[in-house]
Every structure is written in structure tokens, then in C-alpha cells.
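Presented below are the structures under discussion, each in the form of C-alpha cells.
Each of the two complexes below includes chain A, the first together with chain B, the second together with chain C.
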Partner chain A sequence: MSKTDIEEASKDKLREMHCKFNALSRCDGSVMYSQGATVVIAAVLGPIEVKTQNLSIEGSYLECNYRPKAGLPQVKERIREAAIRDVLELALLSEAYPRAKMSVQVQELEDRGSIDACALNAACLAMLIGGLPLKYSFAAVHCIINEQGEFVLDPDQNETLHQQASFTFAFDSVDGNLLLVQTKGAFKIAQFNDIECICRAASAEIFEFYRRNIAKYHGSSAEQAAATKEGSNGDPPMET
Partner chain B sequence: MFMNANLFEPGKSKPERNFIQGAVKQNTRFDGRKSNEFRDVKLTFGADWGTVAVSIGETKVLAQVSCDIGTPSSARANEGTLFLNVDIKGVAFLDEAQATHDQRFLTLNSLLERTFKSSRCLDLESLCIAVEQSVWCVRVDINVLNHDGNLYDASTIAALAALMHFRRPEVSYVEEEIRTFSERERELLPLLFLHYPVSVTYCVYKSSSQPLVDPTLLEENAADSVIVLSFNSYQELCTLNAGGTAPTNVRTIMQCARSAASRSKALVQFIRKALELDAERRQQPNQVAGLVDLLNESAPQLSFKHLMAEQGQTETNKADQLSGDEPMQLQETVSEEQTTDTSTQKIPEPQMDDSSWLPQEQNLSEEQQVDGVQLSSKQEVPTTAKAGKSKPNRGKNKFVKKQPPTPRKQNQSDSEEEVTQII
Partner chain C sequence: MSTNTSIIMPGERVTIVEDAAKSKRIILGPGLRRVDEKVVATKAGPLRHKEPNTFWVDNYQRRYVPARGDLIIGIVKARAGDLYRVDIGAADLASISYLAFEAATKKNRPDLNPGDLLYARVLNANADIEPELVCVNSNGKRGKLGVLQDGFFFKCSLNLGRLLLRESCPALAALTEELPYEIAVGVNGRIWVKAHSTRETVGLANAIMTLEQAGYAEIEKICGNLSGVMQA
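Moving on to the complex of A and B:
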């Protein structure tokens, strides 16, 4: 009985998140990010020299790569890469560094469900820790509708085996605007709206996680500031 | 704001090179290690079979083994295939200078190919399902996460550990039909090995005769030549890769080879031990194994120093029981003897035979007994206190925590002595 209770509870909760900043020494910013058993590592380098073919005088060029654990990137990985690039292009304040390149690399370490959302969150954290200019930070949340028609937030890999539909949403931290919607499978529009609300609520939790960890990384004074801020606002969308 | 591609890597600029050359002359290293001291090696196994993350200091590498059924080559119709691939793009950010990147990629791939494929370390015939029709194709992908020197060792250790960790599904071949059993139906099978090779890397500088083991990126880029030796656990040479411009004599290479052989043996033992611990962990229910451990500070760490120190202790205890001899006392007598050596400098080195490898075997086994790394019993020779001084005591420095600095000096003078003998 208690076990089913735990399962019930886990359906509308995010899995446990962990992150480790600057685990790699050769880049400007890197983060090892895990959500449940899914682990990704993201690294940024920039602003750096750009090839003439990619040079733009209006803003910086964004290079984004996603690497699978085994083999060469296939279509699936390319789609994921494109999703990350799209969101990053929206969030990156590219006007800050014209004629430069920003390079973002995401490496999958272990895929145990909702890898799309994890890769996006890791990319955002890497940008934040690498000090690249962003208009806003963003958080991605994955949610599915399982066989019984229940909503499962941030599912594990074995929960995704039998799914009716899967959704990935990304929200920005300032206005709470939708940055990315990825859906798969059949669903009603009412279900879509419900899931968007669930994911939006969950994104607040992720932003809180970002803030807490970055404050911890940068020292205790920032942590205190975050703690006072934490008290003042709790409802999404959050102001930064 | 913009980086010059050539100066981006540490060790590429002239002042850095001069600094390292000067440091090597004084027998010091930037990170405080001795010339024959290794960085700690850590293994983290993933939740999937055949996933392993290796870190040597700041160098981090991820290896993933996968397999599928394919057709064999016509030349070797009854053998499976092994494909190794190193990927150094991605998070390691190595592609800044295209030329060095390509060169690195080629040397790494050829090293792995020679170490694992040409030495035939896997029993490929056991991967055959139906002759000339279907065999298992094993693929090892190595992703470099961070490059801080010695990618050679990191990738060979990662490849070996991943291959040893990997399990393939069982298949049956009945009436021209292949049936693959899932994990639930039949237990997965590990790959069969004929031997276990790993590599050890040395850097040689013009300013010093003492090669540096396990170089950092700074040391590697500033080096005049890099020697990579692959040995298997039976101390047989699998690969020798020596290039560069530093004049290297036979003695230096032999000296490297000897310590590389024992290091390789210890490394394979370490990997075995780590695999055992991982298997134990998998037995327990509710244990979150996997690469999440990289993030988890409290997770048990499979590090070389930790595991092998334990082993050293248990083995010296064993030796203690067997011979009734106090192990610490043995160590002390060795170092004392060495101290007298350094002061007098008159006892000649035991004659080293450069032409053949075999006579040294005796010395090796003796050294290893002192180290607490046990050799197979047939090679064992009664230990004498003098045994230790014939060779640089790399292992001893590692296993005995408090060692007076005198043996190290002895090491250096050893090698100098060797060189002068030749000249």
C-alpha cells in the first residue's frame, strides 16, 4: 500500500536533481546535471574566434552540439540538438558579442528518461556558470500521459515504455513564456492545457534549483540573498 | 577575448616549454609528483552494461561498449569484429587547432587499434554465431570529456574496463534462424578475453634523462618525445609507440618498459577489483548505481590508490603470516641500504641485460613481492632485502605511505648511473 502511495506521489513530482559545476577544466563553464538517473554534461566556450563563413556583425554565432553516448549522432540526436539550439538562440543575448562564437556542447552520459528536458536544463546551467549573456534563463519539463490516461511528470525510462503521448515544454524565467513545445502521440487539447499548467508549476521548482545551486557555488553571501528572495516570492513565473 | 588557436593549450608556448624543461632538469613536477608517480585513477560504472567513466586526475573519458549482429569479413569468416572509436570533439573542446586535433585523433585510434585489435585481446571466435553469415560486432565508443594529458592511458583503461564490464545477450542459432534472448530469459554473457592490455605513457625531455610518467597536458605538450607502452597482465608487450625528437637510449626505454609492465599488471588488478565491487553493488536491491555517482559525493569511489592500498595491506598481512617476517622492517632495511648506497655510490648496479627481457623477470618478481603485488607462484623467487634497489621503487612509494625521501634520490641517481655507464 505504501509503495503505491510513493508511486502516486512520484507521478506529479520531479525526480531528484543534482548538479556539479565546472567538472571539466578546459572550458569556460561546464555542468554535470542529473535528474533521477539521467545524467548529462554540458560545457560552454565563448565568446571565441569565429570562422569567417559564420561571422555575423549583428550578433554572435551560436554553435550547439549534442553527442550521444555511443555511435555517431543520428536523426534523433539531431532533433534534440536542434531543439536545444532553438531555445538557446531565443535566450542568448547575442548582440553583446558580435563577430564572436558561442559554443555549447552537450554530452549524454546516461539516458533514463526525459533526456530532452535534462539536456536543455544542463545547457542553461552551463550558460549561467560560464557567464555567457542570457536574456533570461529557461527550464524544460517533460511529462507523459500513460496508458491509464494519467499524467506522469518527469517519467523514468520504464514509465515511458507505455505512453499515449509525451510533452516537453520549456519556459523562460522572466515572463514565463513558452519557449519550446514538443509533443508526440494523441491527446485532447484540454489535456494539453492541463499538462502545460503542471509543467509550468514544475519549472518554478527547477528555477529554484538553479538559484540555490548557483548561489551555493558562488558563496554564502549570495546564498543569503537568495534565501531572502525565496521568502518574498514563491509563485511562478518568477522574477530574476 | 579571442584566443590564438596555438596558444590555447597549455604547454604550447615557449616560456611554458622552457619552464617545464627547467623543472624536469631539477627533477620536479608542476603538480608536486615525483617523476615516476602516477595520478590517481578513478572508475565509475554506469547503470548499463559496458559504460564506464575513467578519470586520471583532471583527464576524464567515457567509454561505452555496444554490440549488434552483423556479417563477418570474408578473410576471417569465423570471427566477430571489434571496432574502436575515439571521439575527441564535443565537451573536451579540442578542435580549436585542426592540425593537432587530427593528429591526436589518428594517434589515439591507432594506439587503441594496436593495443586491443592487433594484440587480439578479445576471443573473437567466441563472438561467431554462424560462420560466414552472422557474428557479433562489438563497438567501443570513447568520448573524451576533458583533456589534461595522458589521453592514451585514460582511453585504454576506459576501453578495457568497459569491455570487461560489458555483457552481451545470448543467442541461439537453430535452423538458419537467430534468436536473441532477452535479459529476463537468459543471463547475459560477458566477453571472453585472451589477455588484458593497458598502456602506460612516458614523456622524455632533452634536458633530463629521467622520463616523466603519466604526463599532464602541460608536460605532454612541452615534451620532446612521448613513449606509450602497452603491456598485458602477463607483462607481455603489446604496443610500443615512441616518437619525437629527444634522443632516447635503450636503457631509458627498457627502464620505462619494466616499470610499465608492473604498472599495467597493477592496473588490470585494479580494474578487476573495481568490477568485483560493482558486481557486489548490483546484487543489492534499491541501490542507485550508475553515472549519477559522479555527482554524488558520498558514493563509494573506485580509485586506484584506495583499492590498491587496501590490497597492499592485505597482501603484506598474508606475507606476514606466511614468513613470519615483519613487512615494515623489510621496507626499512631496503631504504637503509639505499641510503648507504647514495652516500657511497660504489656498489655497482646489477648488470642489466639490454638484449633480452627475460633476466629482468626475476628482478620484477622480487620488486613486486616487496610491493605487495603478488605474482603467479611459479615466478616467485625468495625475496632479499637487496632486491628493491635494483629498480626504481615506483610501486613502493605508492603503497608505503610514509617513506623517507632518500629512496627517490636513489632512483634518480640510479638512472644517472645507468646513463654514465653507457657513455
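Moving on to the complex of A and C:
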């Protein structure tokens, strides 16, 4: 498809990502995450005490709250919250902590497009930092078809004003399976497939971003481990 | 980047551990689990190995997960019949029997009130039942365990607690040169300190809290600064 190749050239890069770990002091793990001008804070608590009505002996109960920038959560926010919860439930290894609760809070700070994907990525990073047991990490990517029929990856808000269709995909890090698909608008199945491929390619960049930042977060401790004799380094010498 | 390669992410197969498992029995610590014949990570962080056969994923977790044998500091929350409920910072409140203290009998109960601090050992830790604590060893002696009187109590990261308890950690020895003090460090990220005066206690607590951000190289410097802070 020569046409899509030209279109991809128009905008096939994610906006710049930034994150700051443990921005909040009282939770078990938090992250302030931005994609372009879209910023969210995600925090996790867990495992913590669970209410009897939610208690499950088979696995932990997952609670997710999404707060908009101002005011109370409305229907739109509830849908987003449900989407985040669904993906987290798939990724969380809930049988590790039965009779406990995992609580995830996502606070939107600025919505300048791709808020769904941004909130999901922030939630994933917060889970990684909080040390919650996961089956895999995940990354969400947003893409639209604009009025010219071009694909725009990770669009800014002003680019989404006259969109034909919008897509959000979430992929897992191990098999690259789809965890979430959200679509809006009219599109052809071929376009859907193309966009899925584009988003899948972009998710690799997000996984690399996770890895790089977690390495940086653990970087200061690496020297410490080298100083002590007790903890040996990441490539342990192995005698067979 | 060398640091990049040693980081493992959840869901990743850890072949180094699988290879080691072929020749000997190995222990999978936190952050690793076995799925059929594969070893898979559940947490993100650098893979650590301790001779001869223990592997785990290092993670700056802030939530304490009880493990048998851990020394912890708990706060008495309530009394429920023969048990006391103790907050140890884990998912559930822990329980401790009134008979789990030195020289305690049915008639001679320990005098514990809500708010008291306990230095205790985790006797029983299981995901399905609440943790149980004891304040005596198997000979019925209290040793260093028991109620902590006076002093100053604060919370820190789990890593700082473990760091201070390492035999190779120079921090506590360096502080001893500055002033005499008593300390109880719980691996649940809680520390209790007591020195002769309030001023010394607070200075000591502050010095320990600054260690949280410090590497090994800075520990000596921070501990050395303490005497300067005291006189100021």
C-alpha cells in the first residue's frame, strides 16, 4: 500500500514521553506521566485491606478510580475508568494476593489529546513502580484518521477536531496480544488493520520507554549493589 | 547500556535462572514465579542473585509483605479476646497472643494498650491467613523483642530498613561514634530510635532519614555531619 506509506510519513511518531516516579509520598507507587501536553498522575496502593463485600478468596480485588481535571467524574470518565480497570484486571496477577485489594487512582492533570492511552500507560508504570505482581506490562496507543483520510498517530487535541475515526489499542508486552480496542467513527476494515499495525509498532517504543526509565530509577542503587559484596550484579556468574 | 540489559520486566522469561535450575535446586524470591517449566518475572527491576542458589527481582517496593522470621515494628491497634491486633503495614492487621510474651501466663497478662509499639517476629505468614507475631524466641526468652518504651518512631522505605540491617552496612557503626543510642529497625520500613535527650533523638532520626537517598559513599559523610548538627 503505497498510499499508507505516504500517510505514515505525515505523522508516525509518538509525542515525547516523560515520567517522574513517586511524585506522591503516601501511596505505594506513583508516577506523573506525560505524552506531549497530556499529563496524568497515577498512583497505586496494594495489597491493602479489602471490604468484606468485595473480598475474594481466589484473588485480589481491583479498584480503579479516574478523576477528571475539575469536578466530579461523569459518564465519560466512568467509561474511561472501566476501560482502565478491564485492562489492569487482565494484566494483574491477582492470585498472588488473595483477600486483598489493589487500588489504582488516576488523576487527569491536562487533556490535550490521547488521554485514554496516556491514562493506561500511566497506570501501567505506577503498577511497575508499586511492585504489584503483573503477568505482563502493557502499552496503549491512540491513532486517528483525519478528514483528509490520513492516519495520525498519538494526535494532539487540535488535530482531533475534524477526525473521521479514532482508535485506541492496548497491547501486552509478552505476546503482543490485543488487550483493548476502542473505536469511534466510520472506517474501513483495511484501515483498521493498518492502524493496528502502526499502533503495534508504536507500542514497542513505549515498552522501551518503560524499560529505560525503570533502569534509570534503579540506576542509583546499581552502584550500591556493586559496593556491597552481598548482592551480586545483574549478570550473575554461573557455575554449572 | 549495561544497566538496561539487567532490568527485567513482568512477563519476561528469565533464562539465566532456568539454566541454573538444570544443575541444582534453586530458590525463587520475590518477583519471580514458575509457570510450568519456565521462570517468569512478575515485577520490574534488576535481577539479583545470592550464592549459592537464590534469585529475586529487586524492586523499591513500599508496601510490606510479611514473611516468616521477619523482625518488624508494629503498633497495637486493639484487643480482641486472647489476641491483640497489631498494625504492621501489611494488607491485614497481624495478631499476637497475650501468651507470646516473656513470662506471660493466663494470670499474668502483658499490659498492652492501643498505640504501644512492639518489636516482634513474624511467626506465620501466609497469603490466605492473617500474619501472626511473637515476642519471644523458642526458649521463651524475650531477647531484644518486646514493647518499645519512649523513644521516637518513624516510617521509611523498605529498602532503608533492609540496608541498615545488613551486616556490611557502615551506617549504624558510624553513628555509634557520634553518640550512644538505642535503635530498633523493622523490615516493614519502620524505625524506632532513642538517645539520651530529645534533641539527640531527633537529630539521630533525621540522620537516618537522610540515608534514604544516599549511596554507600555518602553514609560516612552524613554520619560525620551529625555531631555538627547537634552542636548547632
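The definition used in the following text is that the second predicted complex is superposed on the first by the 209 of 240 C-alpha atoms of A that agree within 3 Å, B and C clash if a C-alpha of one lies under 4 Å from a C-alpha of the other, contacts with A are read in each partner's own complex, and residues count from 1 in each chain.
What we mean here is this: contacts are C-beta pairs under 8 Å (C-beta built on N, C-alpha and C of every residue); 3 or more make two chains touch, one makes a residue touch a chain.
Keep in mind the model is a prediction, meaning the values are calculated, not measured.
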item	value
Partner chain(s) touched by A:113 [first = chain B, second = chain C, both, neither]	neither
Partner chain(s) touched by A:155 [first = chain B, second = chain C, both, neither]	neither
Contacts of A:39 with chain B and chain C, given as first, second, both or neither	first
Which of chain B and chain C A:173 touches, first, second, both or neither	second
Contacts of A:98 with chain B and chain C, given as first, second, both or neither	second
Which of chain B and chain C A:218 touches, first, second, both or neither	second
First (chain B), second (chain C), both or neither touched by A:130	second
Superposed model, chain A: greater residue contact from chain B or chain C	C
Touched partner set for A:57, first chain B, second chain C, both or neither	second
Where chain A meets both chain C and chain B, residue numbers	27, 45, 47-49, 97, 100
Residues on chain B engaged by chain A in the complex (per definition of touch)	1-3, 5, 46-48, 51, 53, 58, 60, 62, 64-66, 87, 89-93, 139, 141, 143, 145-148, 288, 290-292, 294-296
List of chain A residues in touch with chain C within their complex	27-29, 45-50, 57, 91, 93, 96-101, 128-137, 172-174, 207, 210-212, 214-215, 217-225, 227-236, 238, 240
Residues on chain A engaged by chain B in the complex (per definition of touch)	18-20, 23-27, 30, 32, 34, 37, 39, 41-43, 45, 47-49, 65, 67, 69-71, 97, 100, 103, 105-107, 109-110, 112
List of chain C residues in touch with chain A within their complex	1-7, 9-12, 16, 19-20, 22-23, 31, 33, 42-51, 58-63, 65, 90-93, 127-128, 159, 166, 168, 215-217
